[in-house]
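Paired with chain B in one complex and with chain C in the other, chain A is shared by the two complexes that follow.
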Partner chain A sequence: MSVEAPAVLPNRRGALGGLSDTFWRRPRLLVLLLLIPAALWLGVVYLGSLLALLLQSFFHIDDFSGLVVHELTLRTYAELFKPQNADIILRTLAMAAAVTVASAVLAFPVAYMAARYLRGAWKVVFYLAVTLPLWSSYLVKVYAWKLILAKEGILTWLFGVLHIGPALDWILNLPVIGGNSLSFSFIGTFLVFLYIWLPYMILPIQAAVERVPVNLIDASADLGASPLKTFRHVILPLALPGIVAGSIFTFSLTLGDYIVPQIVGNGRLFIGQVVYTQQGTAGNIPLAAAFTVVPIVIMGVYLWAARKLGAFDAL
Partner chain B sequence: MRSEGQRPGWGLRLAAGFGLAFLIVPILIIFVYAFTTEEKTFQWPPPGFTLKWFGVALGRADIWPALALSLEVAAVSTIVALILGTLCAAAVSGGRFFGREAISLLVILPIALPGIITGIALRSAFSLLDIPFSFWTIVLGHATFCIVVVYNNAVARFRRTSGSLIEASMDLGADKFQTFRHVILPNIGTALLAGGMLAFALSFDEVIVTTFTAGQQQTLPLWMLEELIRPRQRPVTNIVAMIVVLVTFLPILGAYYLTRDGESVSGMGK
Partner chain C sequence: MVSAVSLQKVSRHFGLVKAMDEVDLEVMPGEFFAMLGPSGSGKTTCLRLIAGFEQPNAGHIEIFGERVEGVPPYRRNVNTVFQDYALFPHLDVLDNVAFSLMLRKVPRRERHRLAEEALDLVRLAGYGSRRPGQLSGGQRQRVALARAIVNKPKVLLLDEPLGALDLKLRESMQEELKALQKTLGITFIFVTHDQGEALSMADRVAVFNDGRVQQIGTPEDVYKRPVSRFVADFVGSSNVLVPDFVYWIVGEKRWASLRPEAIHVMAAGAGASRMTGTILSRSYLGPVIRLLIDLNGTRLHAAVPSSESVPAEGERVTIGFAKDAIHLMEEGEK
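And then the complex of A and B:
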């Protein structure tokens, strides 16, 4: 029996084998090669476009010719502070804030129930009930609400069956948020936003509540705290990062949406719609670009604050 | 232990039940409206039920090319996203390197920022570079935000795939490619399939970015948007809405079943 196995294995045969050996010797080369396609795609196509957009927000439109003047100026940003544009920004912010608060209130019991009590088949039902609306078609969801909110639709019918029709009329007669019918009012816009973004709030809260140790809740009860007090002083602070994480989605998504207020709403504009019309029919790309910078800046500040609150651990 | 036996209070049950109903009922309503006999309004309860709108929808010439375009775009975008997302996930979970955080941020950015920003950014880039709208401009936009879905699924699975399996394969003499083919791929396969299905559903349904990158072409969501703003034949819209729900529903259900047992991946014992 001769022991002549070489101490070093021979090189692999063929081009592929050689390549494999090279990767083994230089692992960084492999990582680099793996990264290049995605980095090129996202870096060039996506970041490149974003930077081009940002650059255009520093151009401005010549008032007489209507052409874009290619020189750097802050003039377009100054336009954002004109009363009609500032109104749009404030309106969008108010809507985003209202949707965020309402979805946190609505999502919390669902998430809490799922995290602490539901087991087995009910947990699956919960999971599907949350993920199906999350993933099903955005437009179909908006359309479903158009059906629900229509004057002859299911909500009016429901108010009639319950003999509280006058309550609906009273709501519709409210200033600002009311309107001709629910589908032409801010309430309608609000309800659709709430519906569409609600799952984005439920999932992070559920993840956060699942991490609250049960014995903390028991301890709080043992020390004589009422359920409400336990909620206020134990559960809520521990679940807060989840709520903040969810609010990132509800807030950001509401800020940028331009389809919901166009289909269900009273015709008053939101940031997204202005961006859409300015770049399209109006042909004022600098102003559209400047308007998109608003949500980017707001979300930047928001994300920075959320990071301070530890929201990223709850994602 | 006491809390284990505790039942949720009625207030909590009621609130949670209301929340779940709020999520589910609107989607079910779509199905009822697909069969209504009412043509002009959204009357509830429906005055009667009929199947005739399915025939009418079949006969409409504008729906089917839009559906075909949507399916093609979704298929190509999914393939691009699968390749780029998996490679990127492999690199990021392969080890620490300079710029790793930046790469993961870059991947997530397209869905963290509102879709309209992605859309208008691409649109202005196309016009700056004089690129005409085509099938590929739609795919370019869709693949950008589909990458993250594949990436997320793949990264989660890579994290759970034990490194010792890969080392064992190499010790036994397999080269990198054999290891990929016989060890890594079987382990991440279902995660990729799930990610691919979700990417498909996402692309099939996308409207916000698509309005900016489609030009004159019409995908199914763009067709629906058109019908929502300027309704022509409401019952046909109802039918299409139901079809869209079903087409997106199946991949999501599939993805759920594929990743549900993800905890029991081989090599987990380590």
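And then the complex of A and C:
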């Protein structure tokens, strides 16, 4: 006759088993243990350095000696409002907004199709296609775009072949956004930004649309909504958190970038470039810090406004 | 009189699967019509065809005399209460109910007043400002109902609306739905797999199996006079008697049904009956006790009032029933 199993099984795994039992009895201990590395990283390394940066922005630089004066003042912030600096901020803001809106418009149909209609292997193809541009170096992509957009580049050639060269000239003759060639204009900068940040918009929207239950779309049609109205009243509000998530990426990445406008653009500065030169060659750490605070404040205001407008109601 | 909904030889195939196969159906205006069947029997597909979410592969569908093939759901004056309610999570209860009115550009004040009225009708007055996520299952069910009736549709479709509710709530909702249908006078088409629900609520029942309608009739028709083995078995848990057994009793080689409550169970040897058997199991169901009796290999269910003295498991008993309790169905070889 076989030995009957006891009601309570013995702990056979030694110290590790004992640890499991302890965690099972005190689940909070495990949560705490899992949180410590994240808390250390976020709290000390990340937030700490951010606070140090914030502190720097309240110092100012002595105009004669060029040395940082370590006393709290708002003088550096006042400098942001000088015409040449305000221009930079507005320019960056306008570019970030344009890139964000354009990527949302471009990304939505792609994300919607993928979420609604792609299954199995096709979905894998979609993920690959969307993320493939992220596999190669950012610098390589930007330089590649410089060649594409250059006066002697493939785009100019294509316009020529299609006999729509005048259309390109017309675009380049537009005030402010035009320029000598696409690679030396804001349009060029915009196109490159749009290209490199687009995946960050597509993926969150796709995830958000995928979470919209199909029967809500049925219900909307059942209650009398044409497809357009279903989109306007059901799909768009429910996908909005995804669009906002994507726009946080495209908006903040554009706000902070200093390489794209340096390689493709008309030489006018963006916030990122100013931060780069002020903390480097110019040695004006306080002004660089103050410029860095601008995108943080803008993002804060943006998220607050999105929340007020109900973008997160569906969460 | 023109039918509220009329299906003529309607088929719907998904690849090789015949979800619906040449279904004929007439639903009268103001009728409470139930479509009953096991899952996969085609009853939900039938509902989706009437709502317009699916298109038939063959046959015609008419709603109040108008052909609706190719008419999208948003142009049909038919509303649906969905199985899992399908409430819009980003809108509060009032805006959920007023959704169809908003689409028809009814002014805000007016549509909110009408939505309040509909909520009042389903006894949810005052819940307008809540979100669907803050409601219980029963309350969500009522919101879905209010949303579907606020527009006074010609036909209301209900897709297993009570399936997710617990028993007590389900029973009270059954009564409320019935009362609501009387008040509104709208044609209700109700899909369910619960035969008790279908029998207690509907004016008429269509029993579906394998994409076909097996029988259409009043609850009493379907319960007492099933036309096939399937209906007898699915509706009312009747005993289905094999042709040989039926031949032995009534002299005809046909399938037959015998309702459990028609069987009298007596102590062995009592009465004039020659049928004796053994009690295999007994289950207590409140008002009745259900017995499984083995009759030389034929197994029969009997329902005995629990007020009577009921034999125990393993006891020998004699059973009897009136000959006309045997309801003959299709002919059978075996």
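Note that the second predicted complex is superposed on the first by the 250 of 315 C-alpha atoms of A that agree within 3 Å, B and C clash if a C-alpha of one lies under 4 Å from a C-alpha of the other, contacts with A are read in each partner's own complex, and residues count from 1 in each chain.
The definition used in the following text is that a contact is a pair of C-beta atoms (placed from the backbone, for glycine too) under 8 Å apart; a residue touches a chain by one contact, two chains touch by 3 or more.
These figures come from a predicted structure and were not determined experimentally.
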item	value
Chain B versus chain C as contact partner of A:117, first or second or both or neither	first
Touched partner set for A:180, first chain B, second chain C, both or neither	neither
Residue contacts on chain A - larger count, chain B or chain C	B
Contacts of A:219 with chain B and chain C, given as first, second, both or neither	second
Which of chain B and chain C A:23 touches, first, second, both or neither	first
Touched partner set for A:73, first chain B, second chain C, both or neither	neither
Chain B and chain C contact sites that coincide on chain A, given as residue numbers	218
Chain B - residues contacting chain A, complex	2-4, 7-9, 12-13, 15-16, 18-20, 22-24, 26-27, 29-30, 33, 41-45, 80, 83-85, 87-88, 90-91, 94-95, 97, 103, 106-107, 109-110, 112-118, 120-125, 128, 140, 143-144, 147, 151, 170, 175-177, 198, 201-202, 205, 207-208, 211, 221, 224-225, 228-229, 237, 241, 244-245, 248-249, 252-253, 256
Contact set on chain A toward chain C in their complex	213, 215-216, 218-226, 229, 233-234, 237-238, 310, 313-314
Contact set on chain A toward chain B in their complex	12, 16-17, 19-21, 23-24, 27-28, 30-31, 34-35, 37-39, 41-43, 45-50, 52-53, 56, 106-107, 109-110, 112-114, 116-117, 126-133, 135-148, 150, 152-154, 156-157, 195, 198-199, 202, 214, 217-218, 227, 252-253, 255-259, 262-263, 272, 275-276, 279, 285, 288-289, 292, 295-296, 299
Residue numbers on chain C that touch chain A, as the complex places them	51-53, 72-74, 78-80, 82, 84, 86-90, 99-100, 102-104, 147-148, 151
